[in-house]
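Got some structures for you, see below.
Paired with subunit B in one complex and with subunit C in the other, subunit A is shared by the two complexes that follow.
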Partner chain A sequence: MPVPRVNPEIASALALLAVLCIAPFIVSEYRVGVLIIFFINVILVSSYRVVTTTGDWTLSHVIFLGVGAYATAIMAKNFGWPFWLTLPISGVATAAVAMMVAFPLLRTKGFGFFIGSFAIGEFIRHVWIKFHDPFGGPRGMISIPTVEIGEIDFYDSINFYFLTMIIMVVALGVIYRLDKSRIGNAWKTIYLDEDLAESIGIHVFHYRATAFAVAAFFAGIAGAMFAHLNGAIDPHNFEVDTMVYLVIWIVVGGNATFWGPIAGVSVMSFIFELSRPLAEWRPLLFGVILIIFLTVLPGGLEMIYEKVRSRFFGSRAGAG
Partner chain B sequence: MAFFEVEDVTKRFGGLTALDSISMSVAEGEIRGVIGPNGAGKTTFFNVVSGLYKPTSGSIRFKDREIAGMRPSKIAALGLVRTFQRVALFEKFTVLENVNIARHLQAKETLTGAIFGTAAKRERDALQRAKEIIKFLRLDEVAEELTRNLAHGHQRVLNVAMALATEPKLLMLDEPVAGMNSTETLIMTDLIRKIRDEWGITILLVEHDMRTVMGLCETITVLDFGMKLAEGGPDEIRNNQDVIDAYLGADEFDAAS
Partner chain C sequence: MDWGTIVQSLANAVVLGSIYAMVAVGLALAFGVMQMANFAHGEFFMLGAYVVYVLYALGGMPFPVAVIMAFPIVAAFGLATERLIFRPTRGNVLAGFMATAGAAFVLQVLVGQMWGVGLMRSVPTPYMGATDIAGAHISWQRLIIVPAMVVMVGGLRFFLHRVRLGKALRACAQDAEAARLQGINLNRITAVAMIISGGFAGVAGALMAPIAPVTPYMGHTFAITAFIVVIVGGMASIEGALLASFLLGFIHTFVTTYFDNVIATMVGVLFMAIVLIVKPSGLLGRARA
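Moving on, here comes the complex of A and B:
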């Protein structure tokens, strides 16, 4: 079989990226805003996949979006620190919070982990609600400064669009590399057969914690962008309702490959925008879609793609 | 200074004593068999030694380090690696990928190494060694197959290949020929001997199949009801009255003697 010189996955991603570079000059300002939210969601769902590859379906992932958002808000507003400093610190701070909660949480697995992650998430959320200083209590934080790097003002939505896009590309690049690496495979082996993974020397606790922290790091980065985009955050943004959307994206897209969750969030973002006229009926539509995927199309869009592909090109040898 | 030494190991599950002060010692380079009727505690013994269970009391020393209560990955890192009674493989991965994944301890990948690809040479070495192991165990024909498409015999050999990929000093095999036909059994026993003779790896195996144990092991430890019943060479064990009584009526023993 001839080996293609360019990885077809990367080639299609670059083509898509080229389209996204032109998009903000063509579409309306409203749509530019929608695309920025979409970029943040792509970072969020891709980071969520990292932790699900170990089999840990956490319900606290949007809480880490919040940790990053609050960290950025406090640093940018209270300390007046520049963006190039607050962005990485937000990621690291979120990973540090994740590490702290990982020690009790990762003693559980399966259903216990699922419920435990929800409980710990709610605990963190209530810290934001109860402590007015510095988190602003139930009303959250407002007037989070916009991003400025040198002479460039990112209040301009096209500038902010490109900033978010670059951060998304870097984040996805790192997550992609990790997914294809030995560490990425170690995460998957924990889901496939934990006892076997331990027996060949994979420290399961250590690798679950690493996946949890790496996922939290990128959720924190997404949170930093979220805080700057909205200029205001409050504890409601990070409720379990938001988490449900994250779960829907990953159920629709699938989590077996790097591309599944991205496909999921892309399709669902389209449906989300198209279904605006449905107003309060929209959650019903999303519920129906979730049920359809869980019952009829388990494995999500990537599974459909894989089935179509293997029908025409034969079955794939190995996992990526 | 024993290579591998178990001293007074007891394991209780509630009121049940699965292992009752077991002591044994294995010399480097030996092929040791652990046998016993169903429920004798063989697999519990394996699980305790490999770190899956903590012993209730007693001491397990490997190369003069106390390993009782350590987690399996730590024990594996010291060079004591086990296989499972069941077929334990990472589905969705090919044979080569499975063996390469089991090079985990040697590849020592870090997050930054993974992101920037700085450990490329170590990865190439890992893959190279994985291929050698596959060749050594005569799995090269199926190297690119997904594990679920393999014949049972190949799957079990792959289990051994993955354990070997961790570079063990002591390899513990839990019923390596379980469910195999006679040809596959012969191939497997031949491979086990080859692993010891050519690579110098000490072998400790639990096995039901008497013919295999008698033909392969230099020393045999017999467990019954969680206690050590006898220990000695194949002939000694075959003629030991306690052992014969414990196995009374068991066809497999008759067939072997």
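Moving on, here comes the complex of A and C:
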């Protein structure tokens, strides 16, 4: 097909983005807050997908959200560093922590990796609980300063909304490019067949470590925004329950394409808000949804979409 | 570090190791057969504690009867998990594991809604008093855990090595495909494995009910420890799980005595990380093909 045309995926994403630019001026203050959390969750789930493309379903991903949040909190509160400096440092620090734990962890794969990452995550969480200085112990850290860049005060939720949205768009752009690049293809090859990947010259350990670190970097960025949004963090924020919610988003959406996890987090955030009156029953609802998707609808919304589309429009030829 | 403290810590470590063993052996057994990794294992433990709370503390049944009842009741949950989750996700370890994480949420909410979330349920101690063994002071309530563990693990060994069904279960653990060619019904074996696994976790929780705070979320820490035990011991190995239970029981008790329990948890996890680096298949694990 030589006719140059706009990628329909990107076109729909841009249209959606235009809606999101108008949204904060129409909806209530509360909804703006919900959307900010949603943006952070989109960064988190998209970064999680990066590491799952190699088949490594880590259980330490919300711990990396926490590493970024703690890094930001310490730099902003204790050192008074500006946001444009703390944000990238938080990402890099989280990636550095990920590289350190990747060394023992990547010797395992499959289920051993899953549990190993879980346990190492718990180790990091216990470091926060144990050391009052600088992490604040079991109560965590409070009064994390709000973001200020030059004259703009991001205490104002609409300003913070646009800041988070821009960061999300940049993060998603990088992750999208990576996914379509040689590196992204190498990750998917490792998932398909590790031995085969090794035999055609893909350094499996190197690429798994890269995926792990890249995912951690963006989780750290999400964590930085999380810390500034809430103004307070504690070790409970990053417990395994939170991790299960993250797993639910990606299981519901599917992880075969870039858009799957984003669809998953969108639908589940919607259900999360709808179920607010039944808050104490919410884990049951989400647990049942998780079980149904894993046992009856593997592949998630992506797979459903694909089936519906191929049924009505025939299968796609030459899909990129 | 005086002699009395060492003896006392040793005794505590044996009790703790026995609890770990009861929880971890069931987990290792289920994992050994068709790689069923049960995230809700800690919740089965919690259900066992609630069986004792309901039957003994509320219902007034004798404590031993309540403990024994925990086996079939929680085993039924094990069987349901096998049917509803592990059978549809067979061949995909992670899917089964994550779906049982959903099951853990479901069980926590149901128990919390039925018997309350906030305050912990108090279960009166059925066996008051304590005894002295070689200078170590230990309450009867904790001491009975050790013979209970020996009886249960002994029973399991007898079942696996002497009973036809148990032998079939071991055959499946070795090579499921070959076992099926011998005419062994895989569905039946996975069901049996989950019944035993659930029952063991239930009895362990039942025995812990008078000692540990009974809440819908009590299973969490035990599940994490049980998974660490199973990894250190070598995933599917019951002997490995036993060895690792006592090793981690000793490490946890001694570090708690000389430092505190947060550091003890961290040391336990570090120990696991070292085992993963040095021998990824675990202490007594076989290398997988």
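Everything below uses one rule, namely that the second predicted complex is superposed on the first by the 310 of 320 C-alpha atoms of A that agree within 3 Å, B and C clash if a C-alpha of one lies under 4 Å from a C-alpha of the other, contacts with A are read in each partner's own complex, and residues count from 1 in each chain.
Simple rule for what comes next: a residue touches a chain if its C-beta (ideal position, glycine included) is under 8 Å from a C-beta of that chain, and two chains touch if they have at least 3 such contacts.
Everything numeric here is computed off the predicted structure, so don't read it as measured data.
Asks: After the superposition on A, what does A:196 contact: first (subunit B), second (subunit C), both or neither?
Replies: first
Asks: Of the two partners subunit B and subunit C, which one touches more residues belonging to subunit A?
Replies: Between subunit B and subunit C, the winner on subunit A residue contacts is C.
Asks: Quick one: classify A:174 as touching subunit B (first), subunit C (second), both or neither.
Replies: After superposition on chain A, A:174 lies in contact with subunit B alone.
Asks: Scan A:311 for contacts with subunit B and subunit C and give back first, second, both or neither.
Replies: In the superposition, A:311 touches no partner, neither subunit B nor subunit C.
Asks: For A:183 in the superposed arrangement: first (subunit B), second (subunit C), both or neither?
Replies: Once the two structures are laid over each other on A, A:183 reaches subunit B alone.
Asks: Kindly classify A:120 by the partners it touches after superposition: subunit B alone (first), subunit C alone (second), both, or neither?
Replies: After superposition on chain A, A:120 lies in contact with subunit C alone.
Asks: Kindly classify A:276 by the partners it touches after superposition: subunit B alone (first), subunit C alone (second), both, or neither?
Replies: Neither: A:276 stays clear of subunit B and subunit C.
Asks: In the complex formed with subunit A, which residues of subunit B make contact?
Replies: Contacts found on subunit B: 50-52, 71-74, 76-77, 81-84, 88-94, 97, 101-102, 104-105, 107, 109, 111, 114-117, 123, 126, 144-146, 162-163, 165-166.
Asks: Which stretch or stretches of subunit A touch subunit B in the complex?
Replies: Its residues touching subunit B are 174, 177-178, 181-186, 188-189, 192-193, 195-196, 198-205, 210, 214, 256, 317-319.
Asks: Which residues of subunit C touch subunit A in their complex?
Replies: Result: residues 35, 37, 84-85, 88-89, 92-99, 101-106, 108-110, 112-113, 117, 220, 224, 227-228, 230-231, 235, 262-263, 265-266, 269-270, 272-274, 276-277, 280 of subunit C touch subunit A.
Asks: What residues of subunit A sit close enough to touch subunit C in their complex?
Replies: So the residues of subunit A in touch with subunit C come to 57, 103-105, 107-108, 110-112, 114-116, 118-120, 122-123, 126-127, 129-130, 240-241, 244, 247-248, 251, 280-281, 283-284, 286-291, 294-296, 298.
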